[in-house]
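Only one structure is covered here, and it is reproduced in the block below.
Chains: A, B and C, in written order; residue numbering restarts at 1 for each.
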Amino acid sequence: MHNNGAHDLSKTTKKMNYVTTVGFNTDFGGRGFEHPASLAIRDDGVIFVASRGKRTSKQTIGIQRVSKNHEFFGKIGSYGLGELGQMVWPTCVTLDLDNNLFLADEFLNRITIFDPDGEPVKYWGEKGSAPGQFDQPSGLLVRGETILVVDSKNNRIQEYNLDGGYISQWGEEGVGPGQFSLPWGICEDSHGYIYIADWRNDRIQKFTSKGEFVESFGESGSSEGKFNRPSDVAVDTEGNIIVTDWANQRLQILDREGNFLIEERGKGGLNPWAEEYFEAQQDEKEARASFVPVFDTDVDDPSEISARIEPYFWDPVSVELDSDDNIYITESNRHRFQVFEFCEGN
Amino acid sequence: MTTVDYSKDVSLLAHLLRRASFGPTPDEMDYAVEVGYDNILKEFLNPKEADLVPHDMIRRYHVAQSDLRNQGAAYWIYRMLMTKSPLREKMTLFWHRIFATGWAKLIQHRPILNQIDMFRTHGMGKFDDLLIELSKDPSMIMWLDNQDNHGHNINENYGREILELFSMGVGNYTEDDIKETARAFTGWRVVNPEYMSIKMRNNTARPYGYMSWQFEYDDEDHDKGLKTILGQTGNWNGEDAVRIICEQEGTAKYLARHLYHYFVEDELPVPQWPHEPPRNPEAIDLMVQSYFDNDHSIKAVLGTMFTADFFKDIPARYARIKSPAEMVVGALRLAGPIELPSMDLLAAEDACTNMGQALLNPPSVEGWQGGTEWVSTGAYVQRVNFVSKVLSDPDKIGLRNIIDKIKEKASSSNLTHTQLVDFCLDILGPLDVMDSTKSSLNKYISRYPDLSWSDKSGSDSFDEAVVSLIQLIVSSIEYQNA
Amino acid sequence: MKDKKLVVIQLSGGNDYLNCVIPYNNSNYIDNRPNVRINENEVIPIDSNIGLNPVMQPMKDLYDQNKVAILHGVGYPVPNRSHFRSMDIWHTAEPTKVGTEGWLGNAINQMYPKHDNVVAAVNFGAGLPRALVAHGAPVAAVTDLDSYGFLNHINEENNRLDALSAFKDMYAQAIGTGPVMDYLRQTGLDALKGADILSTVTSEYSSDIEYSMDNSFSKAMKGAAQVLQADIGTRICYTQHGSFDAHTNGIALQEGLLKHVMGGIRDFYDDMKAANKSDDVIMFVFSEFGRRVKDNGNGTDHGSGGVAFVIGDSVKGGQYSEYPSLKYEDLLEGDLRFNLDFRSVYSEILEDWLGVDAIPVVKGAYEKVGFLT
């Protein structure tokens, strides 16, 4: 038996405070997500969530617009094999300073730009390994007038101007400093350092704004400070490094030196969308009333544990911060994101 | 017997690979010839380690399979395609046919794949352990309603099926044994049974996706009274029921007959077994003896079977009709490994379904009967079309390998038509075909007048000739059999 | 009854009964459907209480000619709200245990016990729905009539013809090697024969009817018309459309699909009429369940009790059974209570249309409904 809920709080005086869960599983479009891949938060509180969906639920594929307060503003983009505004396997969304939205698609191997009204404007990219081509792009990071694209299967980072004009690239396949194995998420801190979730190397790498290797955090494992396929990274205003430790099905926070501070498995709960659903399903509502998550399991596989325990993160694929350093964790397999704050307290 | 003249017999090795694996690939065959019959069998029976499946790659890039809510058959087919321990995978299919559990009722695939994992772990172990794990398996509990089997009010569904379908078959127990066995399994249920049941019944992933089930024993819901099961009286719980069941001659016979049906020769449909003797009673007796001599070890019974003359002898060759899973996986293995993510796996899942074996969704608790039931006109078209299509691209790794090997065998850079037919039949098995089939193949291949590959265009045309011929060979009557 | 033919149209995913055949002035309908409701002024009324969805005018026209039997409240005891299980129940006519044999597969085996009609049933779609599966029952699964048959992945026509002729050669010559090989050989030859028969169908078909819609359902219905007009012996055609599983986006999703279904049904009917064969064919339209009475905000969830239709010149048009009560106290866990067992419908189709014994199929005697003339 394993108790997966224990936290070691000895290393920090701060704690994780659960705020809310936004989302709902929908297969046929409408309010909710299916297999959300990433989210981006606009200054006015509108949150853009890219739903990857699947072949039997194409109506849900697109970018849902919601708020932390459970408002739903409809979807932009749609499933499709290549016209402007269409997508197949969205992996990441992000915003520039003018609130244009950038979307990476690892099936179409392209980046699509939507204007602030949600209208698709242009796209660039095709499959390949030459400059300007992609092999399954994943993470995106806008830095002023340029955008960095994590070109996952080419194991490199490409830099473009915001019109899609190629500027430069760095990185190669490998396990050494500055090398990658199927990198995924990317972010920068307030000093302009870049952090990349080097997924299959089980580490977070830190680079200068020019792509020079600075240091690396973590190694393969499931104990504190170790990673199993980290998917994404964010850095808060204090410099704490927040990582969705994907295959360990947890969030980890390290301090700026990389020392472990805290971990979180998730506390997802019902929200107004779910409550409204249960109001229409009296039989489920009654049965749900006696439902108690059981945290002791008889297996070791974190994915199976998360499959059994609904409040836990299940395939946390992205982590983002809002302007107040609230932490948003997108969970592909629970079709929702959870919001936490990392704050003083005990 | 000290002489091992059979050990390098390619026809016999191909026969073993059709049964204990998914039909030989050229590389598998080369290896088998190198190590010999007994050694390859030993490896099959004693898989060293778990197959390395890149779960991280599947879950990251095949997002629709990351929760295994569906596309579970595609995932399983991928494991069968890539396995280095084919007999272990074949045994998971074997148990799935008998302990047939289906998502049409359970809705999500994940718990059934957990059951298949359990077959991987226990499928060649002690039969008692397997039945205990099966009785604790959440998808089996939900499938046969044991979450409704209460101490004060039994639901006898599982009690019935463990005797009728999972261990000894009709005729070896009474209706009272069913009730008493059901009582022994009261309190064996899943966590949160009420909500899990209603989510299943309403077929709903809302609000936040499905939840995988977990076994729980509720001692308070267990009937602690005396029970008499198959003549033994005591304060039995589920483990005791399994122990008593596994001691029975009827259990050993039923298990042996199933193994014989699956690995040696198509038997009659299972519902007729109580009324008709086995095709080969001596073979069954030998396997029953092995079961009791080896502490109910399934591996031991398999070993006895695969080393016995009744398995090796000519009459057993091609005496089974391939199941759809064998057709599909066999063709995929010939075509070579698949890079993830791949739509090919979804096509393979659909193909099994269209041929009449929807994996993880058996037609009933009785599973699939096999034999001639695999073949109808509709299914026949699907069998031929899927397999020939999978083998239509000479640039697939497996086919390229086949073509290269054929070229290596030739003394110069060309072949005669009859040579090519013989080489292809050889490399796909060897596959023994009727004379009439061979003459049809010879006639067909004459449409390619020149079978030389000294230059690029000749080489392309040779490739085309080989894959055309292979497509026709796998469409033959003989290829339908294992 | 050798000339009587059945076309089964399966609306997969759970067609919302309440917004298909609409109790438009029932206050319980109005109260329970604040968001997912068809307004009275849009409904096509068929009487003072009940009307059809606005996209169902083609069916209304046939209804006015007494060609449509509306079967209210169709279902079975202890409803199951899983798509898959409920569909299975409809396919095997076994509501309590997991059934083994399809209701139509059984019927085919009764009609052709020697399995000598190799095209007795045709499913338009890949693979076979369980309804058509029974041991030995010959059924063709056709995704595209023009390319149906063996080795259809070979694009180049001459290559395929050569391969097919070699295939025929192999099968025709393989004689006398034991019962299993004989069975395989015979099944292979039967499938070839079926493919040959079906391959003539499109070339021989001519019709003035233009199928008005370009979708998979319309294509399937046209295929059914081609097969049935060719008189090759096909008795049952089967097709499905969906998914009607409108948990969200309720009205638009259902209406889009119903529009396809209406177009296909109407064109098929006209096509058979023009070919002078409409007396001999009925269409049976069903779904695995209706949907929950109360809407969930912008869609509806799985329910029980649904509506079915039987359509054709040999049908006595009108409404059968009654619209189940929508009153809260009459509902079963929020769903309509069925008042017409689907096995009654099956029994009538099996015995009075296809001329086979219903009891072994539905495992009992069920009172017939009386929709056939």
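We adopt the following convention: a residue touches a chain if its C-beta (ideal position, glycine included) is under 8 Å from a C-beta of that chain, and two chains touch if they have at least 3 such contacts.
Everything numeric here is computed off the predicted structure, so don't read it as measured data.
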Chain pair, most C-beta pairs within the contact cut-off: B-C
Central chain of the complex, centres being mean CA coordinates: B
Chain A-chain C separation of Cα centroids, rounded to whole Å: 44
Approximate Å spacing (C-alpha centroids) for the pair chain B, chain C: 34
Centroid distance [mean C-alpha coordinates] between chain B and chain A, Å: 39
For chain A, residues contacting two or more additional chains: 26-27, 277, 281, 283
Multi-chain contact sites of chain B, meaning residues that touch two or more partners: 202, 204, 206
Touching two or more other chains - residue numbers and ranges from chain C: 247, 301
Chain B-touching residues of chain A, taken from the complex the two chains share: 23-27, 35, 37, 52, 54-56, 89, 106, 136, 182, 184, 199-200, 229, 231, 246-247, 268, 270-271, 273-274, 277-278, 281, 283-284, 287-288, 290-292, 294, 297-298, 303-304, 307-310, 314-315, 332-336
Residue ranges of chain C in contact with chain A within the complex: 245-249, 253, 292, 294-299, 301, 333-334
Touching residues on chain A, where the partner in the complex is chain C: 26-32, 59, 276-277, 280-283
List of chain C residues in touch with chain B within their complex: 80-85, 88, 98-100, 118, 123, 126-128, 130, 133, 135-141, 149-154, 159, 162-163, 166-167, 169-171, 173-175, 177, 180-181, 183-185, 187-188, 190-191, 194-195, 247, 301-302
Of all residues in chain B, those that touch chain C in their complex: 102-105, 107, 200-204, 206, 266, 319, 321, 350, 353-356, 361, 363-366, 371-373, 375-378, 380-382, 384-385, 388-389, 392, 434, 436-437, 439-441, 443-444, 447, 468, 471-472, 475-477, 480-481
